[in-house]
Amino acid sequence: MAWARRALAGAASGGPAGGPAGSVGEGLSGGYQRRWETRGEGRRGRGRSVADQSRTSYYGIAPIHKPPWKWLVITYFYLGGIAGGSYALASIAELTRVPAYGSITRAGRYISLAALAPTPLLLILDLGRPQRFHHMLRVFKLRSPMSVGTWTLTIFGGLCSLSALIQAAQDGVLGRRSGPARLLVTLPSRWVGLLGIVPAFFLAGYTGVLLAATAVPLWTKSYLLMGPLFLASALSNATAAIALALALARGTSHRTLARLERLDSVFLLAEAGLLLAARAHLGGVIARPLREGRVGGMHRFGVLGLGLGLPLALQLVSQRYNRSQMGGGGTSRLATALASLLVLGGGFLFRYVIVMAGRQSADDPQATFELTKGS
Amino acid sequence: MTATRGGASPAGPKGQPAQRPGALGFLTDTTLCIGCKACEVACKQWNGLPMDNIGWTGNSYDNTGDLGATTWRHVTFVERIADQAGRRPATLQPFQSNWLMMSDICKHCAHAGCMEACPTGAIVRTEFESVVIQQDVCNGCGYCLPACPFGVPEISDTDGKAHKCTLCYDRLTDGLEPACAKACPTDSIQFGRIDDLGERATERVASLRERGVEGAHVYGDQDVGGSGGIGGLNAFFVLTAPPEVYNLPRRPELPQRKSVRGYLATAGAAVIFGAAAFFSLRER
Amino acid sequence: MPGLGARLGRGAATTTQQSLAESDCIVIMGANMAENHPVGFRFVMKARERGARVIHVDPRFSRTSALCDVHVPLRAGSDLVFLGALVNHVIQHQKYFREYVVHYTNASVIINPEFKDTEDLEGLFSGYNAAERRYDPDTWQYAGQQTKPAPEEDPAQSAEPRPQVVGQISDPPQTDPSLEDPHCVFQLVKRHFARYTPELVERACGVPRTLFLEVAEAITRNSGIGPDGVDRTTAFCYAVAWTQHTIGTQIISCCALLQLLLGNIGRPGGGILALRGHSTIQGSTDIPTLYNLLPGYLPMPSSAGEGDRSLEDYLRHYRPETGAWHAMPNYVVSLLKAWYGTAATPANEFAYHLVPKIEDDYSFQPMLLMMRQGIMKGLFCMGQNPAVGGQNTVLARRALATLDWLVVRDVHEVETAAFWYDAPEVRDGEVRPQDIKTEVFLLPAAIAAEKEGSYTNTQRLVQWHDKAVEPPGDARSEAWFLYQLGKRLKELYAGDDSPQGRQIAALAWDYPTLDGSSSGDPDLQEVLKEINGYTVADGQPVRDFTALRDDGTTAGGCWIYSGIMPQAGRNLARSRKGDGRASLEWGFSWPANRRLLYNRASADPQGNPWSERKKWVWWDAQEGRWTGYDVPDFPLTKPPGYRPAPGAKGLDAHAGDSPFVNMADGKGWLFAASGLRDGPLPTHYEPFETPVHNLLYPQQPRNPAARHFPRPDNRYHEVGDARFPYVITTYRLTEHHTAGGMSRWVPWLAELQPEGFVEISPELAAIAGVDNGGWVTLSTLRGEVEARAMVTERLQPLTIDGQALHQIGMPWHFGFGGLARGAIANDLSLLVEDPNSLIHEAKSFTCNLRPGRLVQTRAQAGAQTGALRR
Amino acid sequence: MGLGKLGKLLGTHVGMVPNPVSQRTREARSRLRGASATVSVCPYCAVGCSQVVYTKDERVIDVEGNYESPINGGTLCPKGAATAGLMGSPLRVTTVKYRAPHSDHWEDRTLDWAMGRIAQLVKETRDVTYEARNQQSVPVNRTLGIGHLGGATLDNEENYLIKKLFSAGLGIVAVENQARI
């Protein structure tokens, strides 16, 4: 009951409406006037009273409840985004039928399965009653993003594994002659990829809608932007992840890396745009957690600075450098890896900031009253 | 027992809580409330809820704090005694005045945010149009907590599941009046069919305004309290001060009506990003 | 309650809670009804729905004030100035109910010319004996009465209104119906209250004139038949905030005087409702576990001076010739037969000599001193928690420590049982358990639903509770404990011929048990039959108290409860059929199931209802008897026109227009010729500890007849003591029950008010430099406590005689045990007694306040006295 | 037939806001079914609210207001509503506790032992402090050595037995209760 301690500490917002010490006046109608001298040693002749603590809110106690989600859910948002994003990119790369992008497809497939693998465990551990995790599939409720999200996760889990297995079979990881390998190779990986694009994109973006469909002011005020914002962030993380993998792997063509880097810049720009638009739309009161305090600081330096600004700068530098070198290599691979790492770090920090800022926003009475003051 | 009807029934016009034949609910008339907390104790006694004991809060006589997993009725205390100059009133407003006391409870909304958010279908609408969390289904995901515009459900520290007022569903099945409504000494909490209660509420507000209580209004109709797609509350109130004073949102909104629009926005973005990725990769 | 007993004849609420719903104006003063009697308050709310005006007069804005039309904040301890001013207002503006006053009160009686009022003697009545701080009431009697020497007056004398009129009403008192004679009661009252003006109210109570006049107007407009011809009644509700003053009894008697003047007594929606705190505290004064009373408000025989040596002496001292009390011998003899059975014979005056005689004041506070002086060696504590609930509890805990043995019977391990290892002074090392020699027993007790029996509630309603379950473990009911203890003592004293042996041997103590075994619970229906009274020969219950005899043929434990079991097995306390009007079929209301007392006054002298609207009891000429919605509190067949023959005795001596059957002359006493030890007329004196001087009688700041105990461990503050400038009042909260024994250990109640606190105004908080939630320390010459301060505008400074005066409020439930803990407020209070009720003054005394905690420098550094033990 | 069943399942389990009620919820009943009811009076304040105590196999399962009472008509205050909490309080004393003189801890004793010891103590103290006559040789038959506090929360019959046993039987005059605090 964190708020209890905080309410006790009298951290309630809103100063007391201290009027002048009891002023002289004869019996007024509707109330009567008392003449007394308060020696005024204390502040303004009146100690801070119970009424002072409830002038602008109910003793600072939150009108709504924040979700109990912490690290497990934040990590799930992050990994789910990367899994969905990298699978989608892999499939798109396959669609371009450019043979050089085979490496992107392979990296994307493997990364998406690797990212997706821990997510079910994360979600189950986060439940109050983990042994009842299967109840999530008891209903399919369109109006509940978490219900739709869980079904998507299940379906995408199958497709993502299938694609990864097909990829593994094609790469001979499962051996040439073994039964399943031969069967898997026959499956049309492009069609499976295409089939998986929709759940992939949904998995990457639905977490934004899940947060938006709540009463938490910071999440729900600009609800239309939350989905795209999370999707952009997921895609930029995915691109960064693939770029990182390819940068480290030998034999990746320079051009592919440059192309990926440019794509990542596009996503970063979109994410930055959406984030700033959302923040602007929130308004001063509701956006306060993004401005003040620890989370505000992490938002400004961590997410905007390290996660978006710096990687964009690096990518611009490396792109100009590439053009000037016309085909030189070497140094840009290091820059790509560094940029990718920053983006990946920024991505995690972004989800941490959004979730924590949301929890603070739920605890702030002024935010809810601002959101619901209506016309 | 009549078959349980899924979904919600039609919402009522402005100024009147939703008209739902057969719906049972509460009218909590704060002008009769003497802040005795009999409702809090009667609710805990019937439902066997353990004590919270959060300690002395210093928030006037409210040491209960907030609705939670083990507190399904919560009496709020707000002191509005002295004016700016510290003058205390002698002749008071009819009925409850200057020390606002209100027994807060789950609103049992016509369209309930918690019910629409719950991914396991644990939260259902009963034949009495009340909203109940089925303890044999809930797996403690916590999504109903932020989904409720009034901050009612809470996850219990002991059993990890979400809990809130059930409008004494087990008592209603046996034709018994909810424990809090029965215990309330001054009948500030009135239980009954919500259309009767709705008329009683509007009559009460009218007579209060006649006697000089300008601030009197119904909280829980389409306009204030049951707005934004919620379609009215089955547990509504007669208040004499703005809702924010009682820690209630003035015009809350049903969060889940944004879900589908959220999906579409995301799908749109997905198409754009997908195309961007496709062309950005293909282009020479 | 001597206050109501002296002026109306019975010390109990005159009306019912349900009757409040018919009131046109309700004044709640000296009480916080919405918080301490929430369900009783529903009837006040019903009255408000019908448009009644509700006024709350209280130093603090409480949950009651929030639901009232008018809240009048006044200085704690100045209640009588406010009430006196109301009496003065009613008389000056002729707002009294003239026909009611002339016929039903002793307003027209001429008083002995030698009587001198406080206005003549600067604050004293005539007959004051300064050495013994006592009055001799001879000069207060009716004029022309042959003054019979009163029995030796001594402090031990029963504090309850002695029904005996000093001075035999040998012939009808001289009266002046025109109320003009300077010596008639009305003029004496008028002169006595002449200086209680609205200006004095503003100076002494801190209540502005405009507000006082608004209240006075509301009360007088809603009493009697107004100019618009509509008959209205006003009710007063009070509780211990009136009782717990050194002038407590006079405050209550002043309310009775005011209601008599306004003609509200005995009428539906009127009367005075005493709000009692415990479930059956009314029952425990009717069938009294009080030192100075026998069951049925019979005075306890005294051995002071000549004393009540024989039954005949006793009756001669206390039996009046006129009024209902004339039948006293029937009640006393029946009681002795009930107590001593066959050992009580006409020969040995029905074993009257075996009844112990009292010689001094053995009320609660002197008992503490008897323990300290080692006179009292053993104590039984059954459901009482004096370590928290008594006064000067620092002294009280020391007293408990000097006992040889202590038996505590309670539901939880209350502070009284745990003082020897858990009290603040033990935790601080001041006192060591090893030094406390008291042998302590803690026996578990049963709760209402685990035993059968009856409670008497605040409106004299006796209700039976059935047994639902067996008490857990070793828990037993008090009836079981007493019955078994009595049997064991009879065995121990078997054959012992000493006086103490003969006393216990004579006691009739064989009750059938419920399960027939010797170790079972006694059958309380049998005890109830004994209380109701039965004919000794056949053991059949008597119909009502008129059937009790003084020749030993009947036995009756408590005559005022007689009629509760009219036939064998028919227990009216178990009747449970409530109806809309007077609910005569729900429970039994003593005496004789009368719901509204003195309801003869709800009809005019000719026996017709004053008005259709306020009809209650009236004379039915055809039937030749009184009838109505209630059991008439009047001889059924005595016509309104009846006039007594000279020399008539008992109730025959009362005329047909005398509603107050217990009074010697059948009239409501505006002037109390006897029964009140500190004067026939209510007079304002300051509380024993007060920052302000008595503006009315500067020479007499304090009640001259108050009982005080100057001792080093009970030192008093001076009047206007600068070291203790703030007035402190103690009170209760809805969520807890008295000393907390039944609420601070109950989880669902402890969490509602989990910690002791103090309430101060923002203005005082500014002076002390404290904000809401900060720690403050309160100190008096008796003790020091610390608590968190709730800084709230519900308290406010008042301007008393031009000076700013700050008041502090502190709930007194809390102690060092249980789940909800806090400082013990009564560590601060003082031992001092009202002369009549012998009740203390915890509603207004003085203290000092400083910010910060009570830092202990003693043995355990850092262990805070009274702080929470984690 | 499977399809019909599947159709119904889809109807209640899939949709915008599906609302499937579980079997356990369908069978929800109040625990007062089959309980026995006893009418009692609230042990707390003097308003005198009538209470109905529901019990099942010798255990209190619920305490509520009594609708028939003209005073509380089914309502209760917070203390009255907590009566079941008082009867079942976790801190309730249910065994006899004894503290020997000068000891610093409680000891457990049987009820029978305690009753015998108390009777013994009463006799000893009474015999030492009994006064048949006072200094003026007026017969008084009293002892000031023993006192009694309590009564305001005990039944009328119990108050009667206290006054009868202690005063009439043992001559104890210092018998007082909460009326005076």
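In order of appearance the chains are A, B, C and D, and numbering begins at 1 in each one.
Note that contacts are C-beta pairs under 8 Å (C-beta built on N, C-alpha and C of every residue); 3 or more make two chains touch, one makes a residue touch a chain.
Note that this is a predicted model, so its numbers are computed, not measured.
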Task = Name, by label, each chain that touches both members of the pair chain A and chain B.
result = C, D
Key: Contact-richer chain pair [A-D vs B-C]   = B-C
Key: Whole-Å gap between the CA centroids of chain A and chain D   = 57
Between chain B and chain C, centroid-to-centroid distance (C-alpha), Å = 45
Chain centre separation in whole Å, for chain C relative to chain A (CA means) = 69
Task = Between chain C and chain D, tell me the centre distance in angstrom, where each centre is the average of that chain's C-alpha atoms.
result = 25
Key: Multi-partner residues of chain A (each touching 2 or more other chains)   = 8, 10, 22, 32, 34, 46, 49-51, 53, 138-139, 141-143
Query = For chain D, what residues touch not just one other chain but two or more?
reply = 13, 15-18, 20, 63, 72, 75-82, 85
Task = Would you pick out the residues of chain B that each touch at least 2 other chains?
result = 36-38, 40-41, 44-45, 52, 54-55, 58, 60, 79, 81-82, 86, 88-91, 116, 121, 137, 185, 187, 256
Message = Considering only the defined contacts, which chain B positions touch chain D in the complex?
response = 1, 4-8, 36-38, 40-42, 44-46, 115-116, 121, 124-126, 132, 134, 136-137, 169-171, 173-174, 176-177, 179, 182-185, 187, 256
Remark   = Per the touch rule above, chain C residues touching chain A in the complex are 208-211, 760, 762-773, 790-793, 796-799, 804
Query = What residues on chain A touch chain C, complex-wise?
reply = 8, 10, 22, 27, 32, 34-53
Remark   = Interface with chain B, chain C side, in the complex: residues 34-35, 38-39, 41-42, 45, 48, 61, 63-73, 208, 211, 214, 733-735, 747-755, 757, 762-763, 772-773, 788, 790, 792-794, 796, 819
Inquiry  = Can you tell me which positions in chain D touch chain C when the two form their complex?
reply    = 38-51, 53, 55, 58-60, 63, 66, 68-73, 75-83, 85-87, 89-106, 110-111, 114-123, 125-130, 132, 134, 136, 138-181
